[in-house]
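Just passing along the structure, written as structure tokens.
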Amino acid sequence: MVQVAWLIPALPLIAFAINGALGRTYLKKRTGIIANAGVLGALVVSVLLFVAQLDHAEPETVSLWTWAVSGDFALDIVLRVDALTLVMLLVVTSVSFMVHVYSIGYMDNDPGFWRFFTYLPLFVFAMIMLVMANNLLVLFVFWEAVGLCSYLLIGFWFERQSASAAAVKAFLTNRIGDVGFLIGLLLIWHVFGTLNYDEIFSLAPVVEAARPGILTLICLMLFVGAMGKSAQFPLHVWLPDAMEGPTPVSALIHAATMVTAGVYMVARFNPLYVLSSTAMTVVALVGAFTALFAATIGLTQNDIKRVLAYSTVSQLGLMFMALGVGAFTAAIFHLATHAFFKGLLFLGSGSVIHGTDEEQDMQRMGGLFGKMPVTGATYIIGGLALSGIIPLAGFWSKDELLGATLLSGDLGYLLFVLGALASLLTAVYTFRMIFLTFFGKTRMAAERFSHVHESPRVMTVPLIVLAVGAVGAGFVGVPPEHGLIHNYLHDTFLAAEFAGLVHVPSTVFVLALMAVSTVIALLGILVAYGIFMRRSPAPESVAGLAPPLHALLVNKYYLDDFYDAVLAGGTRTAGGLFAWFDLNIVDGVVNLIGLVVRGVGGGLRRMQTGRLENYAFSVALGTALVLAFYIMMAR
Amino acid sequence: MDSIPILSIVLWLPLIAAVIVLFLRERRAMFAVAMAGSALSLILSVAVWAGFSPGDGMQFRESFDWLPALGIQYALGVDGISLLMVLLNTFLFFLCIVYAWASVHDRVKEYLFTMLLLEVGITGVFLALDFVLFYVFWEIMLIPMYVLIGVWGGERRVYATVKFVLYTLFGSLLMLVAILALYFVYGNTTGVYTFDILELTQGTYGERFQLWAFLAFFLAFAIKVPMVPFHTWLPDAHVEAPTTGSVILAGILLKMGGYGFIRFSLPLFPDASQAAQTIILVLSVIAILYGAMVALMQTDLKKLIAYSSVSHMGFVTLGIFSFTQQGLDGAMMQMFSHGLVTGALFLCVGQLYERTHDRRIANLGGLAHRLPIFAALFLFFSLASIGLPGLSGFVGEFMVLLGAFVADIRIFGVLAVFGIILSAAYMLWMYWRVMLGSLKEVHRRLEDLTRLETAILAAMALVTLWAGIQPQVFIGIFTADTSGIVQALTATEVSSALIK
Amino acid sequence: MIIPALEYYLVLGAALFIIGLLGVLVRRNLLIVFMSIELILLGANVTFVGFAVALNNMLGQAFVIFSLTVAAAEAAVGLAIIVALSRHRDTLNVDEIDTLKG
Amino acid sequence: MNSETLLSLIFAYLALACVAFAVLVIMLRNPVQCALALVGVVFHLAGIFILLRAEFLAAAHIIIYAGAIIVLFLFTMMLLNLGVVERARQFHVQAPLAIVVGAILFLEFVVLTGATITVGAQGAHSPAWVAGQGGNVQALGQVLFRDYLLPFEIASVLLTAAVVGAIVLAKQKPRRPRSSSQMGVGEWMAERYEKAKTREQDPAEPR
């Protein structure tokens, strides 16, 4: 069964190839069908494979071809199928398929329809390969490939300067992370002499014993890569801007799948991370800080997609926090549930944008629930799941990772407080968004409000399906610590257990925690209700409570401006200096030499009268001198 | 196949075509002959590849005495290193001549003659197994290049050609001196006076002599590569050269420098190479970062790509002077990839220029609206140039970095990694300003690529993709030969360490 | 076997050579410059034949034949150039012909 | 007076006459006279060759130089009508310097001839061998057509090339707008004559 694993990436790839070659001239609208078929095929094969592998989650591999052999460096392209991969595959292919279906409706009137359905399967292919990679290099290759797709799709509406700018920003920020990843990869090659997962994992304890500290360095470098891809502070700046892309893209790439690649990577390298407590602490702290940091910004954003983007950054921060305390299963669990409800929220916001004729500013919305009931209902489900209301998906996973954090020791208390605060703010901004969008009196012009409509079925059906997922996906983790996903991933994260990072909570603890997190979520919703429903329209008045704080948050702590001025501006200034140096100094020296030679030549040129007899005379004179010299010497 | 002098045929076919072209009047006929000549040359070099057995040293050798009194032979042969270069060379020349069909209408006969002559010269450099023959080809190639830039070039072509020729001539004259010195030193110690490259490579030379000879060779190759600070001829030459001239210049001419380092500098002067390692590594890293920084601020498309070449070729020298298998293989792959990708980028710029008659980035914008096929291909090659994994550019850079990490010169590797951020920055920023955003009024009527132009770029794109997905196909050609060089080098390292 | 001694012939050759050289150097008329060049060749011929006889080697004499060939060819081409030149530039004055100047 | 003295005397006369005529060649104003002086040089040189028993070369010199080359010179002069033209300054400004250098060179030659030249090994072509071949002409023929046949043939190629070259050069039409292609030869010569006269009278004529 595992031998057909190559079909999973191959089918979307074939769809990409067909659409890319024929889409513009021949297929046009039919590209949507082909892309959907390809991704559906991948989904079906993934499910079949999952079912077939359900009872034994031993890693299996499928060799494809030799990539390169150079001296003692040898690398094959190998597909890996194990528990973690299969979980990721299921999430990726199912969400992808929903987004593909949805996009047929959403992109219907776009002149770049075929282009969209060329890029999207390419992304799915790359993402599938990313999770199926069996060695670091292939992981890196597709790590970059998904970044490329992200670049292409963010800049999809390339006539907009802001879209192109956002695309370049995303690519470059990711590149900064990738430099860390690449250095980590090279260090692994240098230290381990191999890039294969299993070999690295089995050698890790030996290496740690032989060269203490090197693993910390490697883990931190890899984590820099993860920070770039998963938009962790301080490399998070690209993700909100990435909302310039079409909304299905935001749902698929910038919420459900690609941005979780960092989480996947750290989880995949758990045998390395558990050996370095420093790296783990860094991961946890960065994650927790990002979670809170992004949530505060999310409170003040008015663009519906930007709120979701900061929410994504925040949720990814929670996942990293869980990874950092060794709760790998909880992190992956949250990754999976998050994919469903965040995908749902994004698609819902896309539906809103679609129905309101490209309106993204929540200040000009309100009261939309009556106009678009399906979207509104599913959106509320997604919001509840995100806030962590029992028994929706987000509750189980968030509850579990908060619990694991609390149990992880001294640092755990701090992390827990940060995480809980982030959860509280999450509930606040989520319901701020819901209230501002769907409830209260509308703030739209009457003329426009009358044109608001529910989206077509091709878009609402995916919403419903994802809403079902957002409700039900959490049950794979029930009962806590002993659910389906825990058993399934148990072997993958065995290293954490060996390292003593897994603490089994008592039942009382679990129940108490459940109560606490429910209270937190409800509290958040209440606060949002109090501010944004009862005193609607509220944003301005809220801002008036603490103007400096509000300004700070609205401007995202001025981090973007700082980067723009210092990093981009600095690089440009330096580039200008270098260019000047090259033109005037380096080339100047060359030209100076040329000038000197020319000057000397000009002097000598005057000797060239051009008259033959002068030349003949010089010859004669020269001969006379040579002979004179000869005669002198002969004496 | 032993009985057929296939290398000679590959080498001289374009010359025969060139001579025939001289006697033709019709443009169509001239192109037919030129294309046939270069296509046959390409096919035969692929045939050589098919018959080539990796790791068996020099193959398809031909030799007969030329000036036996002086130990000069006409000797040809290929190993993996030169085979890859020859393949790249014949491939690019064929495409360039096909491209010229659509773009060159001025002095066609002279143009084709020059191009074919250039092909002979460059192929000869890679095939020659005799120093004199090598030097002859090395210099002969300058003349058609000079003509190509000087006749079909831009406004400041005279300045550019003179600079190019003087610069390279300066380097190669020193090399000639070193070759003669080598000849006499080898002859004095062994009594055999020969210019045979393989035989001279077997010899061992004193440390002082190595240092001086290395320096002379180094200048010639460093100017060709070009390494910072000998690079300033490159932007000028590229900007003024006609499109095909730029393609050949970037695609193959620069590779002669890297080839020279691998073929001559390392085997002939192992001790001197070791001694110069640090300096060259520093220069390489400077080239990578400095070239990228300068490229960032260029306003002319061709200059930008020219400086990106400086940056990319920095990886080549970095790889070579890491003295590791991976580094050398990476350098080879980087040269191959750079030849394809930068060649293709110059073709793209040429096609753009034919349509807009402008190369200043500020005057372009939003061209993707009118030129969708072009936009896709241009993006493809820009990404390949950035070193996107899965395309050929990545393989070379990655393996060079591997080499740097293996050789414990990690600091250089780490610094070089930052070059890849900068390369993404200048390429994507350029692409954004040229292709994306809103279209300018003057460009409303541009036409997209013709089928022929698309086919040319697509052919290059396919090879780029192939080399990125399955680089082993190409690495397998030369890795055995590079490993021989590395082993010889490390052997001397060990021996000199023992002496100390 | 050579009367008078070889040196005399050599000195005669040298004298002719020098006189020819002087003609090239001092005269302004291109035609006369050409004649002076013939003188130089003649000087060389004397030296050749002198050596040939002194050394009992016919090669020297054979070489004079070639020297004659050169003289004839040179005269033919040179005079043709003179004709072309005088048509082209209206002068046979050597110092007015200075296009060799860089 | 033995034959040796006699021969020496003959040599002295011939050599002095050669030098005298040569000096005339470079001193006379009228090119025609120069050409005639050159004939004088050649004839006396032929005498010297006979003195050296190189009869064939003597004849060849007279035939080729006097018969061909100098005639060619005279013909050119007539074609260009130069005999009349040359009344301008005849000698170059560098003449005094050149004479000094020439004198020094001559002295050096003489010194070298007297001091350093040693006669090398004797060749195979002794007078006896020459006589055995049937004389100078036959001997030279043996050497030229047997030992040095290829160079001889190449020399003929050179001559052919020279002939072709001369024709090409002389056939070139002047590039001036008032080209002589429309003029008859006489008209063209007349025009040149006028031009030359005006130039001669013009005091501002460049040196």
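A, B, C and D are the chain letters, set down in written order, and residue numbers restart from 1 in every chain.
Throughout what follows, a residue touches a chain if its C-beta (ideal position, glycine included) is under 8 Å from a C-beta of that chain, and two chains touch if they have at least 3 such contacts.
All figures in this text were calculated on a predicted structure; none of them were measured in a lab.
Undergrad: Which of the chain pairs holds the record for C-beta pairs in contact?
TA: C-D
Undergrad: Whose C-alpha centre lies nearest the centre of all protein C-alpha atoms?
TA: Located nearest the centre of all protein C-alpha atoms is chain B.
Undergrad: I'd like the Å distance between the centres of chain B and chain C, where a centre is the mean of that chain's Cα atoms.
TA: 53
Undergrad: What is the distance, in whole Å, between the centres of chain B and chain D, each centre taken as the mean of its C-alpha atoms?
TA: That pair's centroid distance is 58 Å.
Undergrad: Just the number, please: Cα centre separation of chain A and chain B in whole Å.
TA: Spacing between the chain centres: roughly 37 Å.
Undergrad: Any idea how many Å lie between the Cα centroids of chain C and chain D?
TA: The separation of the two C-alpha centroids amounts to 6 Å.
Undergrad: In chain C, which residues are in touch with two or more of the other chains?
TA: 21, 25-26, 94-95
Undergrad: Of all residues in chain A, which are in touch with two or more distinct other chains?
TA: If we look for residues of chain A contacting two or more partner chains, we find 613, 617, 620.
Undergrad: If each chain is a dot and touching chains are joined, what shape do you get: line, ring, star, complete or other?
TA: Topology of touching chains reads as other, fitting no named class.
Undergrad: Which stretch or stretches of chain D touch chain A in the complex?
TA: Per the touch definition, chain D meets chain A at residues 92, 94, 97-98, 101-102, 104-105, 108-109, 111-112, 115-116.
Undergrad: Please name which positions on chain C make contact with chain D in the complex.
TA: It comes out as residues 1-4, 6-12, 14-23, 25-29, 31-32, 34-36, 38-39, 42, 45-46, 49-50, 52-59, 61-62, 64-66, 68-77, 79-84, 86-88, 90, 92-96.
Undergrad: Please output the residues of chain A touching chain C within their complex, sorted ascending.
TA: 605, 608-613, 615-617, 620
Undergrad: Which residues of chain A touch chain D in the complex?
TA: So the residues of chain A touching chain D come out as 613-614, 617, 620-621, 623-624, 627-628, 630-631, 634.
Undergrad: Any idea which chain A residues touch chain B in the complex?
TA: Spelled out, the residues of chain A in touch with chain B are 24, 65-73, 137, 140-145, 148, 151, 155, 158-161, 164-165, 167-168, 171-172, 175-176, 178-179, 182-183, 186-187, 189-190, 571-572, 574-576, 578-579, 582, 586-587, 590, 594.
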